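Can you read through this structure? Questions will come right after.
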Amino acid sequence: MLFLRRTLPLLIAFIVGTLGILIYYIPHTAAQDLEQELARWDRIIAAFAMLLGIYSLMSLHLNRVKRQQGGWGYSFLVFLGFGLMILFSLYNDGLGPFKPQVADSGPFVWMFDNVQVPADATMFSILAFFIASAAYRTFRARTPEAAILLVSAIIVMLGRVPIGVLISDWIPWFSQWLMAVPNLAAKRGILLGVSLGAIATSLRIIFGIERSYLGGGE
Amino acid sequence: MRYILLCLTLLFCMCPVQAQQPTQIQTMDTPNDAGGSITLTWNRADLPPKSVYKIAIGESPNGPFYLATELPTTANLMSDDPATFGHGDETAQTHFFNITEYQDTNNTEKPLKLETDKTYYVQITTQLPNGQMLPSNISPATAIQNLFNKTKINNFILGTVFSLIILIAIYMARRHEMYIRRIAGLEALDEALGRATEMGKPVFFAHGLHPMGSVSTIAAVNILSRIARRTAEFNTELKVANNDPIVMAVSREVVKESYLNAGRPDAYNDDMVFLAATEQFSYAAAVDGMMVRERPAANIMMGYFYAESLLLAETGANIGAIQIAGTDSYTQLPFFITTCDYTLMGEELYAASAYLSREPKLMGSLKGMDVGKAFLLLTLVLGTLLATMGNQTLAHIFTAY
Amino acid sequence: MKDFLINLDRRFIFIFVAIGVILPALTTFPLPIKPTANVRAIYNTIEEVAAQNGTVLISFDYGPGSMPEIQPMTLSVLRHCFSKKVKVVGMCLWPQAVGLVQQALDTTSKEFDAQYGTDYVFLGYKTGMHSLVINMGRDFQGTYPQDLQGNNTADLAVTQRIFGLKDFDYVICLAAGNTPDGVWIPYGQERYKFKFGIGCTAVMAPDQFPYLQSGQMNGLMGGLAGAAEYEKLINTPGTATDGMRPQSVVHVIIILFILLGNTIYFLYDRKKGGAK
Amino acid sequence: MTRDQIFFITSLFVFFVINIFLLATGSLSPDWAGLGTFIAAGITLSLYSFLYKDNPLFKFTENLYVGVAAAYTMNQVWYTVLLADVINPTFDLNGQTGGNHEWLLIFPVLLGLFMLTQLASDNISWLSRIAFAFVVGLGAGLAIPRTIAANVLAQMQPSMQPITADLAGFNLVVILVGVVTVLIYFFYSVEHTGAVGVASKVGIWFLMISFGASFGYTIMARLSLLIGRAGFLLEDWLNLQLPLF
């Protein structure tokens, strides 16, 4: 039984991982067809992974209601919103769930346009207010590094907006230079470092050194 | 004297040479592909403008030949495709063409695709503007499926070498101690915890929004275990606000273990590690509310944060708490840098985790990546110097074909 | 006065920002919008594709949270393509983009009388991210046998002769996340070497410059300013151009806040020893 | 009645008065679209109430939104993948797969169902590890050669160009110095003292300029989102014909 719980997953990760690497270098159609099939399987499993995300969100709220943890009353709203939207999704503007989805009319689209879009858009726009208050109260040049950061931010902000052009033609040019040279250099340095890190992590996964992604204890 | 001789010879070969049929013809399977294509190469010749190369292909040496393509005499030089033909000087003097299909004159609705593992016969004819045709001799070729893409040889070598370095480094890290430079962020962390003890106020900790499987959350939990040990020793109140039940469960284990190792099992209770809220903004609002009420002396944020980083850091700064942050989310780093006293940037979060946990897989990876960075760094400098002196070979080696 | 300035209530600043956004939106004052080279590169590439009446693939990877920045780009690029008879294939790597793109397609196709199936096709969302790009890279019609409405892609005029990513004349990615540098470049552009341009939120714009210089990307529209520049190029001003007025004013307000905050910090706050 | 409750009720009352006024003047149409704009404006304002204080109205709307968003994602996953890529090809439901049934799809579906067992009881949740091993292992394998090609090689070559004696050459030198010093900053085997210390100091300056750029751009992005919502409230809801003056 231990083979199934521990060794089999690591074996699968090793086989599938090494295949993923080697196929990149092999143009032969047999290898390319295998890569296509593996990628196709990956897409279908990814769909179930998204269902897992939704399923765990729902069970989280279910547990909150069962144990009446803080704010459990609001979890009913999650179920309300979810249930209503699922109903409209199945209704699919009259065609039912086994026909292609109707994306330009019907109650499902109405709910998306008038509940999800305003909520999601507003949620992110709240940050503009917090940025403004932080700009005044907390963004301090505490250290020389933070000072460089703030000066660079101010130049870039002025350069990207028409008012910068009105002040002087140099600002947009200098702001563009800041983006295309020092910013590029730092981002390329970070990118090279992060890429080596990503390769190291991938290697640890393939060779079974990294196991935390399997989750669920030993 | 020698100089004049040189001019004469030059003069001699400048005069219009009598045009002849294509020379140095070679046909071969097109490399680095899954078959279905034959490559034809022939020498570039000085031909009057508007002359054309016609390439014909047939299934038997003397059987019907069909037109594959017509090319102007200036097109398709080998130097256009360095991935396959390299960067030699001769590439600018030779033409090439990949034949993948031809037009069968009797059934004309769709061009016929070349079949793999079948021998075809190829002939190239120079057609001068006056219509004169100069055919070359016929040469056979067979398209086959290749097993290795030679244009990716630099990618393959770089990948294999770097992988070996990482795996060997991890293997060595298991055998004996490895040196890592001291991480300034961790000193700042100890100083902050010391200050919190003097002021007798709690220490807050937040993990970011990533799930337990993510590298950033693992690093955050490693750092939490060290903080918990310090708060156990200094008898300072620790509060860990979570937004993910699994991360909360793991954090409870880690904090309980740290209190045990510090010999203070009695000081630990489960309420120190709690679920503040599940959604991003409610989580930030809940933690902000607690911070304003309990006025912690230190606010520590480690892990992968999203837009809520600003809400937490701004409130922390306003209640005067010492703030230490560490994140590999590069979009949130600027907000931490301008609001916190010390920020672990990007990979420093992983380095701190390795420094604390001394886990072989983390130490080995870090050392292996250092070797990789040193190699890339030196190559860049050397490559630029050589390129400035006109030698592009290093730059050509490090090109993604 | 000093104490009032130092611990100014956060909500007072919120009101100030709200006014800074609403007032300029109510008025109109001319602001010079000069398209930069990176935005012009996308415009020119679409013009080239129009010259050989080619087909463009647009990947919409954003949600309502980034709509104010990316939706104007979607509208401008679609208007540009439809006005020049460039065939458009739309797809999404983010699920929430489907509803937003459907709206944009409906409005712009009516404006230019673009017919579904002959001028544009919308494939909707599929899971898989990198795996999806690997699949469609080599076998486009196998990955998308049907479009969002259920028609066979093999029968639609736009997608009939598209068998892989190399058959597209230009690939544009309008993204709020890291799908351009995390998915499209390593899993698509790296192998099929197609011309690749992107429009992204201002948050992601600075990270794209290494790819612009290396030639992996040939154009970039960054944030609302990028959208406004593109609207200027196709001279149909829209929400982005209107948004530039409040954007300019609020930028100045934020910059003044930072400067004011720091002067107070250096004059008074530092002695109090908030932090070292 | 606390100050907050009074403030809450008056703002609710004001909101309804405005809507009745809009309905009366015909700028809010009495059909589904009009109702939609009304609800959208209500949601926008109730979420903005978070700026005053985290309150029940905000939690009400946020949780409702979480439920709707989860169902929307599920809808896309069902229609465009499970139905279109699994059920139709397997059972030839829409008759567009030429009669052949792809029974081989049972394997990815099985692995997908294995993944769902992660939340089930312990004695079968280990099945999810097989599915995770496949997905994470394949992802790691596919990533390595492409990361080398797109993020290492393709980024090295443009930084190894000949230095010319003009602005372009100067830029290349600055970029080279920046990349090299940033790599040195993220170096852990050598103490940051002496020459390495100076190099990492220069590296931090480059990092700070690039973080400043990201910081400025992020501020621009968040402000654009606010401008977008203000545009919705002013033009779509209040139906003001801008510009007023």
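Which chain is which? They are A, B, C and D, in the order written, and residues in each are numbered from 1.
FYI, contacts are C-beta pairs under 8 Å (C-beta built on N, C-alpha and C of every residue); 3 or more make two chains touch, one makes a residue touch a chain.
Source: prediction; values computed, not measured.
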| remark: Busiest interface, judged by C-beta pairs in contact, is A-D
| Measuring from the mean C-alpha position of chain A to the mean C-alpha position of chain B, what distance in angstrom results? | 19
| What whole-Å value do you get for the distance between chain B and chain D if each is reduced to the mean of its CA atoms? | 22
| In whole angstrom, what separates the CA-based centres of chain A and chain D? | 6
| message | Rounded to a whole Å, what is the gap between the Cα centroids of chain A and chain C? | response | 17
| remark: Listed in rising order, chain B residues that touch 2 or more other chains are 152, 155-156, 159, 162-163, 281-282, 317-318, 330-331, 334-335, 337-338, 341, 346-347, 373, 376, 400
| Shared interface positions of chain D, touching two or more other chains | 50-51, 59, 62-63, 66, 69, 72-73, 76-77, 79-81, 84-85, 139, 142-152, 154-157, 159, 175-176, 179-180, 183, 186, 207-208, 210-215, 217-220, 223, 225-226, 228-229
| In chain C, residues with contacts to at least two other chains | 14, 17-18, 65-68, 96, 98-99, 124, 126-127, 130-131, 134, 146, 148, 150, 190, 202-203, 205-207, 210, 213, 222-223, 225, 247, 250-251, 254, 275-276
| If each protein chain is taken as a node and each touching pair as an edge, is the resulting graph a line, ring, star, complete or other? | complete
| message | If we count contacts the way the header does, which residues on chain A are in touch with chain C in the complex? | response | 32, 35-36, 39-40, 42-44, 46-47, 49-50, 99-101, 103-104, 109, 112-113, 116-121, 123-125, 128-129, 131-133, 135-142, 150, 153-154, 157-158, 160-163, 165-166, 172, 176, 179-180, 183-184, 187-188, 191
| said: Considering only the defined contacts, which chain B positions touch chain C in the complex? | reply: 317-318, 320, 322-323, 330-331, 341, 400
| field | Residues on chain C engaged by chain D in the complex (per definition of touch) | value | 11, 14, 17-18, 21-22, 25-28, 65-69, 95-96, 98-99, 124-127, 130-131, 134, 145-146, 148, 150, 152, 185-187, 189-190, 201-203, 205-207, 210, 213-216, 222-225, 239, 242-243, 246-247, 250-251, 254
| query | Inside the complex, what are the residues of chain C that reach chain A? | reply | 8, 10, 13-14, 16-18, 31-34, 36, 63-68, 96, 98-100, 102-103, 106, 122, 124, 126-132, 134-135, 138-139, 142-143, 146, 148-150, 202, 205-207, 209-210, 212-213, 222-223, 225, 244, 247-255, 257-262, 265-266, 269, 275-276
| What does chain D use to touch chain A in their complex? | 32, 35-37, 39-41, 43-44, 47-48, 50-51, 59-87, 93, 105, 107-109, 111-113, 115-116, 118-119, 122, 125-126, 128-148, 151-152, 155-156, 159, 171, 174-183, 185-186, 203-213, 215-220, 222-223, 225-226, 228-229, 232
